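Consider the two complexes below, in which chain A is the common component and chain B and chain C are the respective partners.
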Partner chain A sequence: MEQELKAHLKKLMASGDVAGIIALKSERGMAKPYLFADASELECLCLTPKYPMASVARLLLDEDGAARFAIVCRGCDERALRELAKRHQVDLDRLVIVGIPCDEEMARECACPEPFPSVVAVGTKLEQWEAEDIGAAYRAMELDEKLAFWKHQLEKCNKCYGCRNACPMCFCKDCELENALWVKHGRLPPEFPIYHMIRAFHLAGKCIACGECQRACPSDIPLMVLNTLLREDMEELFGYVSGTGADAENPLYTKEEMQ
Partner chain B sequence: MKYDNILTTCPFCGCGCKYYIQVVDGVAKSVLPCKEDPISEGHLCIKGWNAIDFVYSKERLTTPLIKENGAFREATWDEAYGLIASKFKEIKARDGAKAFGFFSSAKTTNEENYLMQKLARGVIVTNNVDHCARLCHASTVAGLAASFGSGAMTNSIPEVEDVDCFLITGSNTTEQHPLIGSRIYKAKEKGAKVILVDPRSIQLASIADIHLRQKPGTDVAWLNGLMHVIIKEGIADEEFIEQRTENYGEFKAEVMKYTPERVEEITGIPKADLIAAARMFANAEAASIIYSMGITQHTTGVDNVKSCANLAMLTGNLGKPSTGVNPLRGQNNVQGACDLGALPNVFPGYQAVTVPENREKFEKAWNMAEHIPESIGLTVVEMLNAAHDGALKCLYIMGENPMISDPDITHVREALDALEFLVVQDLFITETAEHADVILPGTSFLEKDGTFTGTDRRVQRIRKAIEPLGNARPDWEILCDVAKHLGSDQFVYASPKEIQDEVASLTPLYGGVTYERLDKEGYLQWPCPNAEHPGTVFLHNGKFSRGLGHFFPVSYKPPAEEPDKDYPLILTTGRILFHFHTGTMTRCSPKLNKEVPTGYVEIHPSDAEAMGIADGDLVQVSTRRGTIQIPAYVTRKVPEKTVFIPFHFKECAANMLTNPALDPIAKIPEFKVCACKVEALGESS
Partner chain C sequence: MAETWNPKIVGFLCNWCCYAGADMAGTSRMKYPPNIRIIRVMCSSRINAEMVIKAFQMGADAVFIGGCHPGDCHYVDGNYRTQKRIAVLRRLLEHLGIDPRRLRLEWVSAAEGEKFAQTMDEFAKEVAELGPSPLAALQREVL
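On to the complex of A and B.
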C-alpha cells in the first residue's frame, strides 16, 4: 500500500493542486507528522503508528489562512475533520482527503467503529468488520462495582491533561478542566470524578472514537469505556453518530460553542 | 510554509522522555508525544506537555547585562567577555586559582558540563567545580560507588513494569518521575507487591500493600530492621552473599542489633508491619528498591544509600532485570553532569583527580602548561562558605539558582554579596543572577544541540528546533568564548558533536557514544566503552564494577536537629508535580503556575486544630535559620507533628528554614529534617 500511496501522492503533488501533503515521515527509524512539499521527500513517507493528523491539519490551516493541503487520512482522521468542520475549526474545502484503510490488527487495537474513510484512495478496506464492544464488561457490573472500578482507575490519574491535549476534538482555547470553579487546582489525583466527567460530557456528540486519549494516558485509564457509553447514548437519544455524514447536523451543537 | 517535528529530550526530570516539538516556520508551536520513544511511549506528564512555554516567556534574558552602580545595563557580548577576562585575570594573578569557583548545571548538556569543568581545570586550573547533584544525589554517587563501584541507577526504566516487589522510599514517584510512576501502576496491575516507606501519604499510598510511615530521618534504623528480620528468618540469598559480596560478617553483627522492637521505638513503624515488609521483599522473585531525595538528603545520606545497597545484596536483587538499587535522578541531566566531571573530585567518567595518571592524561589532552591540583576541590556548599569567609573571590554560576535551592538562603545571600566578582549564565534574571556582576544569556533545550543523560544512564540527543532568542547564545558557545578570551586555544569546536568526540576519547564510560550512533540507535546506556559495545541495560551482571559487592555495617544516627520545646515539629521539604526546582522555568509557564501559584505548608488536622489554624490560613513557620509566612494546607497527607513545604517558591522559600548541616562524606545538606514551629497569624491568605 505504501508504494501505491507514494505514487498517488506524487501525481497529486505534480498536479499543483495542493501546497503540501500532511502525512507521516520516517526519520531515524521513527514516524512523525510532516508537511511534504517536495516529491523527492515522499520516499520517506510511512503509515504507522497512528498520530492525530486532524489536529495537525487544524494547526496548519490556521497558520496559513489560504493554502490548500492534501492529507493522508484514516477513518478516524476523516471523522475528526468532519466533526471539526461542523464547528468551523477546519475548512474542508482547503483539504484534499487521501483516504487509506486500517488493517485488521490496527482496527482491533482501536476497537474502531469504522476503520476506513468514506473514500478509499489507496488500499482495500476490511470487508467484514465488527468492532469489539468495549463497554460490555462495564455494563455487566453492578452499580457499586462500577463506582469501585472508576475509583480505582481514576485515582491513578497523573493530571497531565494528555487525554485532552491528544484529543483532535478538544479545540477550546479556555478549557473547563482548568476552571477552579469545577476542579480544584493543583491536586493529585484530581478530584474524583468531576475532572474526568467534565471531559467525558464535553465530548458527547464530539468523540469520534479514535482512541488517542486512552493511548496518551500514562496511567492506562480506560477512557474509551466512558466515551463509548456516551457515543451509545448519543445514538440512542438523538440518533446521532459523531463524525459520520458530513451533512448530519449535530444535535448538541449550538452557536455559543463557537470560539 | 515549513512544518516539521523535531525530536528532542525533555528538560525537566531525569526520566528522559523524548518528544517532538512541532515547529512552523521556525516557531515552536507545541509538544507532540513520540509514540515510538521507549521511555515515554507517547505519554507525557503535565510539565512535558507544557515544556515550550518557558522558552518564549517575556522574562527571558536575551542580551548580556553588566551591573554598574548597583543596576544592570544592557551590554554587547564583547563588553561582557572583556570584563570577565580582565576580572578573572586580575583575581587569578592576585589570589590564585583557589579563589575561583564554578557551578556547573544539571540542566545544561553533557557537552556544556564537560566544557565547564574543562574551563575550571584546564584554564583557571582549579578543581573547585561542582553542581546541584551535591544537593540531591551526592550521597548516591558516594554510597553506591563504595558498595558496588558505580554510583548510578543499576537497572533501567522499562524494566520497572516487570518488578515483582517494590520498595519505594523517599520517592514521590508519580509526582517527581511520572513516567516511572506510571510503570509502577502497570507492574501493580500485573500483580506486583508495593512496599512504600514514606512519612507522607503520597499518591502511591493508595496502591501500597504495606505503607510504613517512618519518623523522618530514621531510615538507617528501619532498613537495618528489615535486614535483621530477613537474616533471622533465614530468607536471605546465601548463595549471592557467598559468591558476590564481602564483609558480610561485620555487617551482620551490626544489623542484628536492630530488633523490630528497637526499630519501632526509633522509627515509629509497628513491629508487625516491619516483619511483613521484610518477608514480602525477601521472598519476591525480582525485587527492586526505588529511592530518591528522601534517602539522600540527610546528614546520614551516604549511610542510607549504603543500607539500600546492603538490602539489595542481602536478597540477591542485583545484576538481573527488574531488580536493583534505583536512585531516581531529579534533573534531566544531573546524571550527565556527574558523568562529565562537574564534580570537585573526578574528571569525566569518574576518573579521580587524586590519581596522577588521570591528571597527566587530561593535562596532556588539554595541552596545559600548569598542573591540575592533586587535591579535590570544594563542593557547592563549601564554595559558598569559602565565599562567605572571603577566601573565594570569584564565582561563575551556569544555570543554577542557589538563592532558592540551597539550604539557609540568608547565608547564601551573604556569601554571594561577599564575592568580588560573580558571573551568572542563565535564561532568566534569577534570584541568584540579581547578585551578579555580569549576566550572560544562555539558551534553552530548544535552541541548541547536545546530549542529556537520563536517570537510567541513557544518553540521548537534544536537537535545535528554533534559533536562539534575541542575542542569547548556546551555552557551549559562551563557555568556549570565555575560554578564548582568557587566552586558551583549546576550546575550538564547530559543534557539540566535536565536543562529544573529545569526551569519548578521554572517557571510557562514554567511549562508544557518538552522534552517529545516537541518531541511529536512539540512545546509548553507559557503560559504553567502544564503538561496538551495545551499551548496558543493567549494571553488575555477574560481577560488580568494583569486583565484589561490599557490605558496610551502618549504625543509626539521629538527624542533626530534632524537635524540642522551642521548635516542636519536624519540617520536611520536597517538590511537587506541577513545578520544577526553583520555579525558574515552571512559574512562568501559565498552565503550570495556574495549578499551584504559590507555596503552602502541609499540616495535619490535629496539629492545625491545636494551633487554631484553618485550611488556607496564612501561618508563620520558623526554624533557627529563619521565618516565612505561608498558607496552611490542612491535610492528612502528613503525619502528626510533621509539616511539609515544597521548596519552589521564592515568596515563601522553604530553604529560608532548612538546616545546612552536611553529610560528612557526600557534603549533602539535610533538607529532609529540621525542627520548626508553626504559629497562627489569624488571617486567611
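On to the complex of A and C.
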C-alpha cells in the first residue's frame, strides 16, 4: 500500500493543486509528522505508528493563511477533521483528504467504529467490520462495582496531561483541567473523579474514538471505556454520532429543545 | 461522636424563575425540609459540569438545578442547553458509579412556590433513602 500511496501522492504533487502533503516521515527509525513539499522526499514517507494527523493539520492551517494541503488520513483522522471543522478549527476547503484504510490488526487494537475514511484513495477497506463492544461489560456492573473500579483505575493517574495533549479534539487555549478552581495544583493523584470527569464530559459529542488518549496514558487507564459509553449515550439521547457529516451538529452546542 | 446524618443538597436556582419560586415559598411560609443550600445563578445554563461535580466532591449528597419552564428562559434557549447538558451528565455520573437520581433538574416558575416546596420535600426524601453520597464519604476519608 505504501508504494501505491507514494505514486498517488507524486501525481497529486505534480498537479500543483496542493502546496504540500501532511503525512508521517520516517527518520532514523522513528516517525514524525511532516509537511512534504518536494516529491523527492516522499521516499521517506511512512504510515505507522498511528498518529493524530488532524491536530497537525489544525496547527498548520492556523499558521498559513491561504495554502491548500493534502493530508494522509485514516478513518479516525477524517472523523476528527470533520468535527474540528464544525468547531471552526480547520477549513476543509483547504484540505485534500487522501484516505487510507486500517488493517484488521490495527482496527481491532483500537476497537475502531469505522476503520476507514469515506473515500479510500489507496488500499482496500475491511469488509464486514464489527468493532468489539467495549461498553457492554461496564454497563452491566452495579453502581458500587463501577465506583470501586474507577476509584482504583483513576488513582493510578499521575496527571501528566498526556490524554489531553494527544487528543485531536482538545484545542481550547485555556483548559479547565488547569483551572485550580476545579483541579487543585500540586496534588497527585488528582482528586477523584473531577479531573477525568471534566475531560470525559468536555469530549461528549466530540470524541471520535481514535484511542489516542488511552495509547498516551502511561498508567494504562482504560479511558476508552468512558469515551465509548458517552459516545453511545450521545447516540441514544440525541441520535448524534460524532465525526459524521457536516450537517449534523453536536446537540450540546445547539439551542434546540431536547426531544 | 455519633451524628445523625441529614442529606445535604446543593441547589442552583436561576434568578428569574426557580429562585423567585423559592422566594415565594419562603414569603408564603410554606414548609419544606431545610436540606437545600441555595446558590442563585442568572440562568440554569450557567451551571456547567464542573460545578456539579465539584459540589459532589465537596460533600453534597445531591444536586438540584432549577430553571424556567420551556419557552420561558429569560435568555430564550438557556434552559434547553441545561436540559441536554444535565441529561449527559447524569449518564456520566452513572458510569462512574454515582446514582444519577442524585442530580435532579426541574422547571419551577416564579409563581410556583408550592411546586418548589413540594419538590424539595420529595427530593429530600428520595436522597434520604439513597443514603449518603459515596463521594462525600471518600471526601471525609481524605480530610
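What to note about this one:
Methods note: the second predicted complex is superposed on the first by the 253 of 259 C-alpha atoms of A that agree within 3 Å, B and C clash if a C-alpha of one lies under 4 Å from a C-alpha of the other, contacts with A are read in each partner's own complex, and residues count from 1 in each chain.
Keep in mind that, in the parts below, a residue touches a chain if its C-beta (ideal position, glycine included) is under 8 Å from a C-beta of that chain, and two chains touch if they have at least 3 such contacts.
Note that the coordinates shown come from a computational prediction; the quantities given were computed from them, not determined experimentally.
With both structures placed on the common chain, the touch criterion links A:Glu176 to chain C but leaves chain B unconnected. Of the two partner chains placed by the overlay, only chain C lies in contact with A:Pro251; chain B stays clear of it.
Residue contacts after overlaying the shared chain place A:Gly186 against chain B, while chain C stays out of touching range. Once chain A of one complex is fitted onto chain A of the other, the partner contacts of A:Gly65 are absent, as it touches neither chain B nor chain C. The intersection of chain A residues touching chain B with those touching chain C, taken from the two complexes, is empty.
Across the complex, chain A is touched by residues 49-50, 53-54, 57, 70, 76-77, 80-81, 83-85, 87-89, 91-92, 94-99, 134-135, 138, 142 of chain C. Residues 1-5, 7, 20, 22, 24-25, 29-30, 32-37, 42-46, 48-49, 174-175, 178-179, 181-182, 185-186, 189, 203, 206-207, 519-520, 522, 576-578, 591, 594-597 of chain B are the ones touching chain A in the complex. Taken together, the chain A residues at the contact with chain B in this complex read 19-20, 27-35, 37, 49-51, 56, 59-60, 63-64, 67, 155-156, 158-162, 165-166, 178, 185-186, 188-189, 215-220. Only residues 138, 141, 143-151, 176, 179, 181-182, 191-194, 197-198, 200-202, 204-205, 226, 229-230, 233-234, 237-238, 251-252, 255-258 of chain A touch chain C when the two sit together in their complex.
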